[in-house]
Amino acid sequence: MKKIEAIIRASRFDEVKAALESQDIHFFTFYEVKGYGHQKSANIQYRGAIYDQGYIARVKLEIIVSEGFVEKACGAILDAAHTGEKGDGILSVCELNMLTNIRTGLTGSDAINS
Amino acid sequence: MKKIEAIIRASRFDEVKAALESQDIHFFTFYEVKGYGHQKSANIQYRGAIYDQGYIARVKLEIIVSEGFVEKACGAILDAAHTGEKGDGILSVCELNMLTNIRTGLTGSDAINS
Amino acid sequence: MKKIEAIIRASRFDEVKAALESQDIHFFTFYEVKGYGHQKSANIQYRGAIYDQGYIARVKLEIIVSEGFVEKACGAILDAAHTGEKGDGILSVCELNMLTNIRTGLTGSDAINS
Amino acid sequence: MENANIDAANQALNAVSEVGFTVSNIWILIATAMVFVMHLGFASLEAGFVRQKNVVNILFKNIMIVAIGLLSYYIIGFNLMYPGGEPGGFFGFAGFGLSMPDGAAGLIDYAGGAYGYHTDFIFQAMFAATCCTIVSGAVAERIKLMPFLIFCLLFVTLSYPITGMWKWGQGWLDQLGFYDLAGSTLVHSVGGWGALAGIILLGPRSGKYTDKGIKPIPGHSMPLATIGVLLLWFGWFGFNAGSVLSADPGAVSLVFMTTAMAAAAGALGAFVTSTLMFRNYDLSMALNGILGGLVGITASADGVTGTEAILIGLICGVLIPLAVTFFDRLKLDDPVGATSVHLVCGIWGTIAVALFGNYGDGVGTMQAQLIGIAAIGAFTFTFAFAVFGLLKLLMGIRVSREEEFSGLDIHEHHVKAYS
Amino acid sequence: MENANIDAANQALNAVSEVGFTVSNIWILIATAMVFVMHLGFASLEAGFVRQKNVVNILFKNIMIVAIGLLSYYIIGFNLMYPGGEPGGFFGFAGFGLSMPDGAAGLIDYAGGAYGYHTDFIFQAMFAATCCTIVSGAVAERIKLMPFLIFCLLFVTLSYPITGMWKWGQGWLDQLGFYDLAGSTLVHSVGGWGALAGIILLGPRSGKYTDKGIKPIPGHSMPLATIGVLLLWFGWFGFNAGSVLSADPGAVSLVFMTTAMAAAAGALGAFVTSTLMFRNYDLSMALNGILGGLVGITASADGVTGTEAILIGLICGVLIPLAVTFFDRLKLDDPVGATSVHLVCGIWGTIAVALFGNYGDGVGTMQAQLIGIAAIGAFTFTFAFAVFGLLKLLMGIRVSREEEFSGLDIHEHHVKAYS
Amino acid sequence: MENANIDAANQALNAVSEVGFTVSNIWILIATAMVFVMHLGFASLEAGFVRQKNVVNILFKNIMIVAIGLLSYYIIGFNLMYPGGEPGGFFGFAGFGLSMPDGAAGLIDYAGGAYGYHTDFIFQAMFAATCCTIVSGAVAERIKLMPFLIFCLLFVTLSYPITGMWKWGQGWLDQLGFYDLAGSTLVHSVGGWGALAGIILLGPRSGKYTDKGIKPIPGHSMPLATIGVLLLWFGWFGFNAGSVLSADPGAVSLVFMTTAMAAAAGALGAFVTSTLMFRNYDLSMALNGILGGLVGITASADGVTGTEAILIGLICGVLIPLAVTFFDRLKLDDPVGATSVHLVCGIWGTIAVALFGNYGDGVGTMQAQLIGIAAIGAFTFTFAFAVFGLLKLLMGIRVSREEEFSGLDIHEHHVKAYS
């Protein structure tokens, strides 16, 4: 089993979700994160002082898939999250030693096909 | 060292925490995430329009343990997070290359027994 | 490629960020998490009842670096996040199978040098 | 010629009465608007003191209470409370809806030149809904919406006007010498008894009383709660000083002063007591202390000195943390402290009438006050307990565990308070 | 000696008139302060009904509208609306700035002993800004700041006073027998027509109307919206009862009562209707129902009975969910429901004048009311459409897609509402 | 017979005075309630302008200030400020507590038929606490609770009444011809000087002034701040127009008008200036501009024309961003801009008395005004500096670094504002 992690623009979330669904990937987890990268944040200005808020609000996706799905999932994300402007984000994959579905107790790729 | 990650129902957090403690696991990190899975979210209704909010609010746990504790920890979580209803979540384990305790500088399993 | 994950005190975030920058590491992702560990949280007191809020608010950093940077990055964090008091947090490293930059499509260490 | 002179003078005197009537009447209308603000105050306070997941629910209830309260008081309540006939009675009903007497009889002659019929109605109607708002805070976070609204309808249409009539409708308690200027008992204790019946039958919010002790469930927004309390204080100037039922300068300004001093003293009393008891500066206690002081002075605001008002308020402030702890020990879960504020301080304030100020002789007054407290308490608690009990049997009054965990907002209203 | 007597009596009569003047005048000033609170109410309501990312923007707009409204009404508006000359006219202008007549002419003689010149100005000036505040909610979350402020300046300086003069400046509609106590049409529909023009030219917020249907965009804070509505209700007592333009006890207390009853009935009507339509207890609808009831009773609050007020309000409440759904079906996106509340209920309230109460004969009155609604609607909509259209051509009125996604706060104000 | 006629007429005249007294008195009580709302306004504004982690603390302080202010003014302050004896003096004390003269002497005869004794006390008492509330915003987010409350107790019990007496207690400044209607100097500058002393001795919040420049620390809730400012504006109508100390129609309506115009102009001035200076539409500046305009007009609201009021307010608005930048350059950290609003605009407003309107001759008045500003400034600053200095020595006034980082709420109150 692999865990795919993608850090994407908040504004591309809907598109990425749709792309994953079109690849029959309906299960994933996401949360809001903050990132430093090429893209710089808008300045905050308050009472005459300007400051660089620094980070950019982003969404991080975590998708656990069996080997067979890695390519499809990555392709879908790379496509849908892409704008070509600085700040599109990154996508990584790592190996899992074990996966269990808490409800069914099934492990490995069965854990997510149940 | 292994990192255990579990995505559970927010409503089972207290039980899972108690189960971990009963296994002498007192250290872990958690945060709020949102998930898509079998369980579907309640609809949001506002000014006559209905919409599927889509995600379900969940809690993600991260627990770093030495090999010897993996089974105990996983067992505790699987047990305490289980309801049998759709939406119980998943549990995964992955390998860490390195672990250091920032205060003590100790590494490996010493990092968490100090 | 390696993924470094550090769970640090919220109050050391600015120092850690500066230390990373001094090592030429400008890209990373962070988010707020809650942790249980040696350090105990302040009590919450409300209407006469006291309770242990339990967790402590922490910041988690995720930094993806190529092998060559792992030591520099870890050193910087270990240094800047250290106070010597209980609650300094932990630092872990794990292996990534794959990394792609969504904008450029470049993979591996090119993904973050672009 | 002589007559002409007398006529001119009489004309002037008539004109003066009319202007005097205009002043008093407009003051009571302004007081009405200030009492209205108390509904906003209660809504804010209660919303601030519940958890995020139940905020829409409490706001919805408080909005609907005002609407239901005004409408039902229009149709039935007013004529149940001020029936006109037979002073000293227990019950009376003057027919449905409003029936303003024609001409001067509905205006300058209606209440001896102090206010007109419509003014009377709308001022009293604003008061009426208050008693339900008090209940709403106490039963928050676990009661079902529909049974609660039905309870409110019955409480404000029947229970409140009937006991209100006993005193303000010149009923038997009035005859007896019972005194309660603006409703320490008639409004606040009544609300408090309703609240008590509710929380007994409902049980505590799950997770509040554990084996390891009391788990506090902090309110989700202290600014909202604070705004609520200060708006209530503002509205209370209208509540108490409007209850003078004229613009009489001596009485109204005395009431303003005593009301403010009691509120301030309530804050101080609760601050000191809670700091000593809990070794903590507890904002929620100071806020409840203010409200306690206000409830306490409500019965006697027109007859005590400033120093007495401070004393009354101070004692309310001291009572608040004690009462909160007391109810918690009984596992009576009251998220906003309504029973402590409105019931406990309401009773104390009614007793204070006999201890301070110049209301009749000591013993006789004390007797009347105690009888009033007991009679109204018994009636109201029985009524509320019966209604809540019946509703519990017929349709259930408590939401399911799952609803409670995920919150009433998402289950009963399908929205979130914040997004 | 005889004369001395008469003098004394006359002196007394004069003194009475002066006190009567003092009462009326102070009441209208207090009403002014209450109308001012409506601006706070609108700011809270609108802020609560937009998304977090656009909160600073809507607050900024509402603050500036009050400032611009008061200043421009001082310089031009007031003299455009109350020009003094030629009753029955269409247009008049009495020169820039204020010019208070000296002595009694600006005080007790100014309006027959009811209020002075400055009171007249400041009460009317508080009203004026309201019409823009109504627009601001409807066009929220997508309009550029500068063009919006320019629109407001023109709307409140020219459009509102001109149509206002037709009735309240003794213009041709007044002559015709058109009746509108406090502005169901003159204020609320006017705001509603402006809002309608705006949302037509702006288009909906992106993402609202999708292929799969209407995607609701919930407001970010229900407590804020609720506080806003209750503050508006409070202010409305001043808005309607201040429009009696004296402290006349009969009229003012009637208006207080009818205003409260219509608001309560509006809540109930919207509650029942929306629960039936959507099978959901929708707080935002109940809130809009209250406002609808208030808008509806605004034209006739001084001439209907309580029961009629309840009926008028109830119908407003029923209209609200229907109108919201209707505008949504037309893809006219109005985040706060301003068109439903102010336009639809404003029209209904103006018609109600001819159906209820005792304003002239039925048919004649109905004709006058319909002519008034149509004339003012036509003028205002045309004016607003032309101004928004011109601004669209000249400088664009809508923010870019990217700005809309990341929010107006960060783009136009470089801050966040919450941090 | 003749006598009878005269009696009737006299009776009528007496009755008229009484009604006149009733009107004036009720107006000042209503104004009192409006001034009370300013405390809510300050609490909201300051809570909005601090960070989330310090919200409970600022709310707690503002609640306790009102309580302490009212109580200590009752016990000592009032009799220090209005001692009755020796006009032209520097100091006087009429004994502890209230002592209302019996009968008419405490009512209609107390202030020439304008208001009674209790009204006088409660109106002035509401004012008193204001000066501390101003300080509380400036020293927010880093001062310890207990020393702050001790400072407030001394400030409101001694400093404010003593300088207040110089003018409003018929003291030496009054004799000199110094004019300050409602307290541009006596209330607002006094608060501003106290704030200045506090922030000098406390030092800035850590992290505010860095090597790389000024790091803004945005307030945590712009809606809360906006609600606060609009509530302050509402209350200010009572503050200024209540200070007319009667319901005199000419004066009260003039004050309403000038107050509103100055506030509006303040918003505009700050909007334009800050937009030019910072190229940004800064809501916090527009809000401060409104307050600046209100502070500025406070001294002269009863004696300037609308156009002059606009000018005064406009200058206040322009001053705001300049003053904020100025204080920041001096590294005087003031989270809510209290010094800019209350001190700078307070001084300007007091000077404006000599430049506009019709208060005595130009030069003489200017001299009196400058002497008043200097004398009160010197006394107050010295007093505040000494008290804060002493407290710093004795118990420390600043929280620890760690407390500052994690927030005063968790450390001093053990709760969070939001959960």
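Per-chain numbering from 1; labels A, B, C, D, E and F assigned in written order.
Heads up, the rule we're going with is that a contact is a pair of C-beta atoms (placed from the backbone, for glycine too) under 8 Å apart; a residue touches a chain by one contact, two chains touch by 3 or more.
Only a predicted model underlies this, so the values are computations on that prediction, with no experimental measurement involved.
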Given chain B and chain C, the chains that contact each of them: A, D
Required steps from chain A to chain E (each step between touching chains, minimum): 1
Centre-of-Cα separation between chain F and chain C, whole angstrom: 48
Centre-of-Cα separation between chain F and chain D, whole angstrom: 32
Approximate Å spacing (C-alpha centroids) for the pair chain A, chain C: 18
For chain C, residues that touch 2 or more chains besides their own: 31, 44-46, 50, 94-95
Chain D: positions in contact with at least two other chains: 5, 8-9, 12, 16, 19, 23, 30, 218, 221, 227, 280, 282, 284, 413-416
Touch-based graph of the chains, sorted into line, ring, star, complete or other: other
Every chain pair meeting the contact rule: A-B, A-C, A-E, A-F, B-C, B-D, B-E, C-D, C-F, D-E, D-F, E-F
Contact footprint of chain A on chain F as seen in their complex: 213-218, 274, 277-278, 280, 282, 284-285, 321, 324-325, 328, 337
Residues on chain A engaged by chain B in the complex (per definition of touch): 1, 3, 17, 26-31, 62, 64, 94-103, 105, 111-112
Residues on chain E engaged by chain F in the complex (per definition of touch): 1, 4-5, 8-9, 11-12, 15-16, 18-19, 21-23, 25-26, 29-30, 32-33, 36-37, 39-40, 43-44, 47, 55-56, 59-60, 63-64, 66-71, 74, 97-98, 106-108, 115-119, 121-122, 125-126, 145, 221, 224, 227, 412-419
Touch list for chain A against partner chain E, complex: 11, 42-46, 50
In the complex with chain D, residue positions of chain E that touch it: 2, 5-6, 8-10, 12-13, 16-17, 19-20, 23-24, 27, 30, 34, 51-52, 218-223, 226-227, 229-231, 233-234, 237-238, 241, 247-250, 252-254, 256-257, 260-261, 263-265, 267-268, 271, 280-284, 286-287, 290, 305-307, 310
